[in-house]
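Reading through the structure tokens given below for one structure.
Chain IDs A, B, C, D, E and F follow the sequence of writing; residue 1 opens each chain.
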Amino acid sequence: QDSGDSWLPSLLTETPQEGFDLAVTMARKGVTTTQGDKDVLFAVRPNYASDPQSLIDVSGVIAMYFATVAQANDHWEE
Amino acid sequence: QDSGDSWLPSLLTETPQEGFDLAVTMARKGVTTTQGDKDVLFAVRPNYASDPQSLIDVSGVIAMYFATVAQANDHWEE
Amino acid sequence: QDSGDSWLPSLLTETPQEGFDLAVTMARKGVTTTQGDKDVLFAVRPNYASDPQSLIDVSGVIAMYFATVAQANDHWEE
Amino acid sequence: QDSGDSWLPSLLTETPQEGFDLAVTMARKGVTTTQGDKDVLFAVRPNYASDPQSLIDVSGVIAMYFATVAQANDHWEE
Amino acid sequence: QDSGDSWLPSLLTETPQEGFDLAVTMARKGVTTTQGDKDVLFAVRPNYASDPQSLIDVSGVIAMYFATVAQANDHWEE
Amino acid sequence: QDSGDSWLPSLLTETPQEGFDLAVTMARKGVTTTQGDKDVLFAVRPNYASDPQSLIDVSGVIAMYFATVAQANDHWEE
């Protein structure tokens, strides 16, 4: 790909918080890879956005991507 | 970001217990990233806070973040 | 196998995004290994493609394969 | 913290079995962090303590904490 | 054991695809360890083989075994 | 503990298959740690032993323990 238009040019970030934000982006990409129709996603948001089980599971998925991003950045150790 | 107002300036903590507390903070952040409305979260608390399945899953999500925090701190080995 | 017709000749990719795409391919392969009948898979798509819980879980499965692909590529560190 | 009253002063244990016990403690702490009311936890015990799905999930959560404790102890290799 | 009749003599494989196949074998073994009765497994196949949630979860379990097999093979790096 | 009566004196095994068997033992221990009453466990067996979702989840829990056992044994590399 032309890395110019890539959504994931690199796993490296400046800070853990940016790493967390990248993990959130990857978690969402994992959803839109399966369901690309934004209207469908918007329509189902009320279901999961107030369902504790879904909210907990989303946090778990972010944790999995974050673990990989943290390793890529050597855990941002000074 | 100005690391002054960052919620996750670093993964480093003094002790495993502080590492566990940080993992709890990250697990909660993983929820509020999806559902930022505190009122909604407060309203659904009775559902998950006495549902064994949700309580077990929350502990699992904390475990995932804790694994990453522990690696960042070399497991706090003396 | 003759690596010519192998669907998984290597875990190495040029970029993280290609690594993510490979993880998606592996996640799907994990499904078709159990259910090889494309018609069945096509028939059940409406169920999971608009079910938040399934969409979140798919993203989690992609995250697991991506973690392995990222390690294989040393996290594409320059 | 004064490590005297810390529930998690260290991840180091003498044996794998003590490491497993520590993982069980951490898994439970992950629950009580969300639901601190022992009466509530006691009231819901009958639900999960005879529900195979919950019992399996608890074992999985213990496995996640155990993986981290094992790494902290270099897998107790002689 | 006499490794002659062992179903898991080694984690080493020639290629990533053979590693994936081994992970599938291990995932299935994890099921038959609990339920050894092939007739029961055959009887319940229609339930899970067209249930998206089960198919996604199976792929996730394969991913966990594959991660371990990939590490054992140093990710088949040339 | 007196390692004589310990159920988990070590994570080391001769072969991957013995490592898998140990992982199964640990997965079961993770259940009996929560529910020690064998009669209860025996009574609920019909529920999970023919429930695909439970069988898949059990395999996933075994995979988590196996990953740790494999690391402890350097993946039994010759």
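Rule of thumb we're sticking to: a contact is a pair of C-beta atoms (placed from the backbone, for glycine too) under 8 Å apart; a residue touches a chain by one contact, two chains touch by 3 or more.
Quantities reported herein were computed from a predicted structural model and do not represent experimental measurements.
Participant: Sort the other chains by how far their Cα centres are from that of chain F and give me the top one.
Facilitator: A
Participant: Could you work out which chain's C-alpha centre is the most distant one from the centre of chain C?
Facilitator: Chain centre farthest from chain C's centre: D.
Participant: Using CA atom averages as chain centres, what separation in Å is found between chain A and chain B?
Facilitator: 16
Participant: Can you check how far apart chain B and chain F are, centre to centre, with Cα atoms defining each centre and the answer in Å?
Facilitator: About 27 Å, centre to centre.
Participant: Centroid from C-alpha atoms only, then distance chain B to chain E, rounded to Å. What do you get?
Facilitator: Distance between chain centres, rounded to whole Å: 32 Å.
Participant: Do you know which chain E residues sit against two or more other chains?
Facilitator: Within chain E, the residues that touch at least two other chains are 48, 51, 53, 57-58, 60, 64, 67, 71.
Participant: If you go round the ring from chain A to chain B and onward, which chains do you meet, in order?
Facilitator: Traversing the ring with chain A first and chain B second gives A, B, D, F, E, C.
Participant: Where on chain D does chain B make contact in their complex?
Facilitator: Within the complex, chain D touches chain B at residues 1, 3, 6-12, 26-31, 33-35, 40, 43-44, 47-48, 51, 53-54, 57-58, 60-61, 64-65, 67-68, 71-72.
Participant: Spell out the residues on chain E that touch chain C in their complex, using ranges where they run on.
Facilitator: 15-18, 20, 24, 48-53, 55-60, 62-64, 66-67, 70-71, 75-77
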